[in-house]
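These are the structures, in structure tokens.
In what follows, chain A forms one complex with chain B and a second complex with chain C.
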Partner chain A sequence: MLPSLGHVAILIGLAVSLYAAVAFVLGGRGRDAVLLATARQAMYAAFGLAFIACAAMVISLLTHDFSVAYIARNNATTTPPFYSIISLWAALEGSILFWTLLTLGWASLVLYRYRARHTALMPWVGMSLALVAVFLFSVMVWPGNPFSRITPVPLEGSGPNALLQNHPFMGLHPPLLYLGYTGLSVPFAFGIAALLTRRTDEEWLGVVRRWTIIPWIFLSLGIVAGAWWSYEVLGWGGYWAWDPVENAALLPWLTATAFIHSSMVAERRGTLKVWSMALVIATFVLTILGTFLTRSGVVQSVHSFTQSAIGPWFLGAIVLALGGSLALLLWRLPDLGDRGDPPRAVSRESAFLFNNVLFLGVTFVVLFGTLMPLIFQATGGQRISVGTPYYNGLNVPIFGALLFLMGVGPALPWGTASWRTVRERFTLPIVAAAGVLVAAVALGMRQPAPLLTLGLAGFVGTVMGDELLRGARSRARVRGEAPATALWHLATRNRRRYGGYVVHFGVLVMAIAVAISSTMARQTTVTLRPGQSATLAGYTLTHDRLVIEPLAEDARVTETRAEMTFAGPQSGTLATALRDYPNSTAAIATPAVRTALGEDLYVTLLSSDPKTGSVTVRVFVNPMVVWIWIGGAILGLGAAFAIWPDGRRIPAVLPAPEARRAEPAASVPAPVSATMEGS
Partner chain B sequence: MTLAPPVVPLPSRGRRWGLIGAVAVVAAVIGYFAFSSIGSALVYYLTPTELHARGAAAYGKPIRLGGLVEAGSVRNDASELTFVLTDETTRITVHSSELPTSSFREGAGAVVEGELRPNGVFEASQVLVKHDENYVAPSGSAVPSHVAPTY
Partner chain C sequence: MRVLRWLILPLLVVPLSWVLLTGFSVNPNEVPSALIGKPMPSFSLTTLDGTKLDSRALRGKPVMINFWASWCPPCVAEHSVLLDAQRRLGGRLQIVGVLYQDTAADARSFLATHGDPGYASLQDDDSRLALDFGVSGPPETYFVDAGGMVRGKQFGPLSAAALREQLARIGVSDS
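Take a look at the complex of A and B:
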């Protein structure tokens, strides 16, 4: 009953979104407000239908309706309710259903919010989003039907993939990532609309920037949560392996980040417009490519749990989206001519330009490495994979350069920087960087990568601190406010600028944490009989006993657990286990992670001997890992601060760029000019 | 307060080409290093039969070998592991001083990364277990499994 309802909802959803696409086109061409209103309502209806289908799936999962093939493959009667619910996105067909729901959620939100604004653009935005919905519903009607039935109905399902039911993070990481992925279809839709209507001006840039940053926040948090999941679940002591699916999430993040920066130049200076448009298109295409790579079986990774016939569909969608939008971009190229001057060598816009080149450099490196196995297979049938040394060797220096620009860019004025400004702004930071380096070497650090990172962090941190102090001090003097109040007022009146600083600060925290944790971790592998101890980096780990018993929540799962006591910088007890799931040939690690601000103690069970009770464990002491997650949270908060509506909304039309460009940006320190703008 | 020396801007056109040149140089450097370094980072994925067919040419090359752990072949002590990896045609003895990150067991699929030594033993720096409910001995199309990088 319910599965049939879900299937019917999908069929109607396809029809309704097809109608919406056609009505948006006809209504847009004929300026027919009534037709456009019905198109919008059709999209809301499609959202409702996707919601019904998702609800039907979740309820069927909770009631273990094994007549549905998806549920028989991904659920069992013993699966706990929480993992039954999140099985909605545990495998391919359910993921696409969930994906459709989120895409239509974003689409409805945007169409509702701008129902009376941007009237020239919105029909084409609606058309683009409706076409995305048509594609997703079609996938669910033909190659990836989530409600397809099996007969005879099995009495028991095979249960969710063991890896995916081992940690509550599976309830968090995929939805965040999918919210990011699906939200990025909004800027794409605005890009297409702007190209079609030849309104590629500051109006669309402003809207698109905001609607890129919102999904970007989710994508960023989703990537960080994925790294955290990998760290807590996979048991190898690390968090990033340049696995194809990690790369697939990173690629659109890189191009979206590049766009967020380039759009500021386009908005302020009228240059880099074609470039920005190309980035919006690339970001959207990369989100589809990610799905294609990881879900079609062409590249295997830890996440490619299911393979199906959707590959050709997604490949077709990539070709259509990329070919269509590039053709449109080329056709409209004359409209996108730069109005402004080309940037001068030492200026904020040239820093942005190099930032973009470097972000695209990382994108190229990652894309090239991810596609290499495909290229080899297509040309000679050789099966290869690309090792992490390739990615790290190339990306670490590029990220170092990006970190440097992160300090330089915001401190340089728009237009051109005089030698005096450069000297004033960067003398102290360079001294600070040198100080940090000397201190780090004195403390015994010798590896170049973390030294470089720390030095750069000292530089960037000082630039930002100096910038904040300058701004706060001058406002405090002019307005007679307390310094903290002045800083808060300054920040809330220039949300973009100061939110951006917070994001950069989060990146800085993450960069330091990654550099330290990936080079200064210590590990050992020991075999301990009950009562024996091992030591590592100040910790003493004592093996108390080995327990083998069925898991309390799911009796079909056998847990082999080493119970241990540890003492040192942190102390207490821990249990590290291997879980045997009936549907998995390999046991799933359940590492014990004891987190402190300074370092994590990470213990993973490798093997055990039930006769003697002895266990072999790998022990890691990973410094600073928790700061990666903290840095990610700071980054998300900063971006949310930057786009938070500030109440005293300036009219949708920005002040003419000419007027802005006229300000003597070169000689007035930026925060002061920002204060004047804000007051 | 001293006046900054007047900045003499390059003509717009020259500035444009200068920047395009700088951007092109950065892109070329990244591209050059990407193309030149990827060759040494490629890891070939082979089945035991394919590895055997390569003969002496395979010695010392980074290789990932996938197959089934032959029943009864595992010799394990605290610091060493020896077992036979098979695709049911060819058997290759694998030696490793690294223990697998998750438990691995006889009859299940495993992937080892390392190199073939001239004595015919595959020296593995990593032993990975394939996390897949539908694992079959590798037979055609896929590069397997998750890679856990070594520190």
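Take a look at the complex of A and C:
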């Protein structure tokens, strides 16, 4: 009954989103407000229908309705309710259903918010979003029906993928990532609308800024949560492996980040317009590519779902989205000429330009590495895999340069920076960087990557601190406010700028934590009989006993657990286990992680001998890992601060660009740097 | 210049779709093995019923070597394919099972529950043979031609279709 309801909701969803797409086009061409209103309502209805389908799926999961093939494959009567609910996105068809819900959620939000504004753009925004919905519903009607039935109905299902029912983070990481992925269809829709209507001025960029940053926050947090999940669950002691699907999430993040920066220049200075448009398109195409890589089984990865018929559909979507939007961009290229002057060599614009080039550099490195195995295969070569040394070797220097620009860019003025400004702003930070370097070397640090990172962090941190204090001090002097009040007012009156600083600070924290944890971790593998101890980096680990018993919440799962005592910088007891799930050939590790601000003690059980009670464990002492998660949280908070409505009414239509461009532009011609806009 | 600009479009779209498309034509369960085209590793092991089996005795007829374990759910899934294969092709094909990190008692009770195909299963207690073949986890099946050369490897459970395809490589038609 419920599965049929869900299936019918999907069928009607396809029909209404098709209607919406057509009605947006006709209504937009004929400026027919009534038709456009029905198109919007059709999209809200599609959202409601996707919600009904999701609800039908969740209830069927909770009631273990194994007549649905998806549920028989991904659920069992013993699956706890929490993992039953999140099984909505634990496998292929369900995740597409969930994806559809989120896409339509974003679409409805945008269409409702701008129902009476941006009237020239909105029909085409609506059309683009409706077409995305048509695609998703079609996938669920034809190759990936989440409600397809099986007969005879099995008495028991095979249960969720063992890896995915092992940690509550499964309830957090995918929804965050999906919210990010799906939200990024909104800036794409605006970009397409701007190109179609030839309104490629600042209007769409102004609207889209917030609609890019919100999904960007979700995507960032999703990536960090994924790294955290991998660290807490997979038991290899690390958090990032350049797995194809990690890369798939990183790729649109990189281009979206580049877009957030380039769109600021495009909005303010009228340059980098083609660049910004290309980034919006690239971001959207990369989100589909990410989905394609994850869902189709094309690449080997911890994340890959089973090989399925959905792949060709996603391939078609990639070709259509990339080909169509690129053709549109090329067609409208003459409209996207730069109105402003090309950026001067030393200015904020040029820093942004370099930032974009570097972000794109990382994007290419990662994209190339991810697709390399496929390229090899396509050219008749062997199956190869691209490893960490490739990614790190190429990306670490680029990330270093990005870090440097992060300090330089915001401190430089728009237009032209005089030599005096440069000297004034950067003398102290350079001294600070040198100080940090000397201190680090004196403390015994010798590896180049963390030294470089720390030096850069000293530089960037000082630039930001100096900037902040300078602003607060002058405000305190002018307004006669207390320093703390002045700082708060300064920040809340310029949310965009200071929110950006907070994001940069979060990145800084993460960069330091990554540099140190990835180069200074220590590990050892030991075999211990009960009562024996091992030491590593000041910790003493004692094996108390080996326990093998069924899991309390699911008796079909056997847990082999080593109970241990540890002493050192932290002390206490821990249990590290291997779990044997009936539907998994490999035992799933449940590493013990004891986190402190300075370092984590991380113990993974590798094997055990029930006869003697001896165990083999891998022990890691990972410094500063927790700061990666803290940095991620700072980054998210900073971005939220930047886009928080500031109480003052934001004009629906931005003031004419000419009025804003009246800000002083220096007249001294400086050497012209290359522009990316081309001929 | 104008026209050249449009070249970006096919230059970007065509190679990308070609690369992604070829991704489908490849079976992810078909992992290349260093053994393909090489002679089968030799062995002399005890079967479940206690007799010795030497690899030299298998010469001259196509062989299918199936690594399995009683604790492995996908092995249950492919078991019906194996039962069927032995029944229909037993005359033309020698099937040999090899226990992978399993006890003889557990293996016997597995066969009692799911049906005994009748061919021998070898006890590979120290996993020497699994190491020689490069087995990463059961089920894994190797296909050896009449000349003793390894011609195919199946990673994961065998389906009827996969079996047919693999058997063609060692000259056994399964129609």
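Keep this in mind: the second predicted complex is superposed on the first by the 653 of 679 C-alpha atoms of A that agree within 3 Å, B and C clash if a C-alpha of one lies under 4 Å from a C-alpha of the other, contacts with A are read in each partner's own complex, and residues count from 1 in each chain.
By our rule, a residue touches a chain if its C-beta (ideal position, glycine included) is under 8 Å from a C-beta of that chain, and two chains touch if they have at least 3 such contacts.
These numbers come from a predicted model, not from an experiment.
A.B. asks: Could you classify chain B and chain C on chain A, in the superposed arrangement, as clash or fit?
C.D. replies: When both complexes are placed onto chain A, chain B and chain C end up clashing with one another.
A.B. asks: Return first, second, both or neither, reflecting whether A:Gly311 touches chain B, chain C, both chains, or no partner chain.
C.D. replies: After superposition on chain A, A:Gly311 lies in contact with chain C alone.
A.B. asks: Applying the touch criterion given at the start, work out whether A:Val319 contacts chain B, chain C, both or neither, answering first, second, both or neither.
C.D. replies: second
A.B. asks: In the overlay, answer first, second, both or neither for which of chain B and chain C A:Ala587 touches.
C.D. replies: first
A.B. asks: On the A-aligned overlay, A:Leu330 touches which partner chain: chain B = first, chain C = second, or both, or neither?
C.D. replies: second
A.B. asks: Contacts for A:Ile375 in the overlay, against chain B (first) and chain C (second): which applies, first, second, both or neither?
C.D. replies: Only chain C is touched by A:Ile375; chain B is not.
A.B. asks: For A:Leu234 in the superposed arrangement: first (chain B), second (chain C), both or neither?
C.D. replies: first
A.B. asks: In the three-chain superposition, say which chain, chain B or chain C, touches more residues of chain A.
C.D. replies: Looking at chain B versus chain C, the one contacting more residues of chain A is B.
A.B. asks: Classify the contacts of A:Gly572 with the two partner chains as first (chain B alone), second (chain C alone), both, or neither.
C.D. replies: neither
A.B. asks: Could you say whether A:Pro448 touches chain B, chain C, both of them, or neither, answering first, second, both or neither?
C.D. replies: Touch partners of A:Pro448: none, neither chain B nor chain C.
A.B. asks: Touch check for A:Gly598: first (chain B), second (chain C), both, or neither?
C.D. replies: In the superposition, A:Gly598 touches no partner, neither chain B nor chain C.
A.B. asks: Can you list the residues of chain A that touch chain B in one structure and chain C in the other?
C.D. replies: 158, 297, 299-300, 377, 382-383, 583-586
A.B. asks: Name, in rising order, each residue of chain A that touches chain B in their complex.
C.D. replies: Going by the criterion above, the answer is residues 158, 161-163, 234-238, 241-243, 297, 299-302, 305, 341-345, 350, 353-354, 357-358, 360-361, 364-365, 368-369, 372-373, 376-377, 382-390, 393-394, 398, 416, 418-421, 518, 521, 523, 525, 527, 560, 578, 583-589, 604, 606-607, 616, 618, 667.
A.B. asks: Tell me, which parts of chain A touch chain C in their complex?
C.D. replies: Residues 158, 292, 296-300, 304, 307, 311-312, 315, 318-319, 322-323, 326-327, 330, 333, 371, 374-375, 377-378, 382-383, 582-586, 679.
A.B. asks: In the complex, go through chain C and note every residue touching chain A.
C.D. replies: Touching chain A: residues 1, 5-6, 8-9, 12-13, 16-24, 26-28, 31-32, 72-74, 137-138 of chain C.
A.B. asks: Quick check: in the complex, which residue numbers of chain B touch chain A?
C.D. replies: Going by the criterion above, the answer is residues 4-5, 7, 9-10, 12, 15-16, 18-19, 22-23, 26-27, 30-31, 33-34, 37-38, 40-46, 62, 64, 76, 78-79, 98-105, 107-109, 129-133, 135, 141-149, 151.
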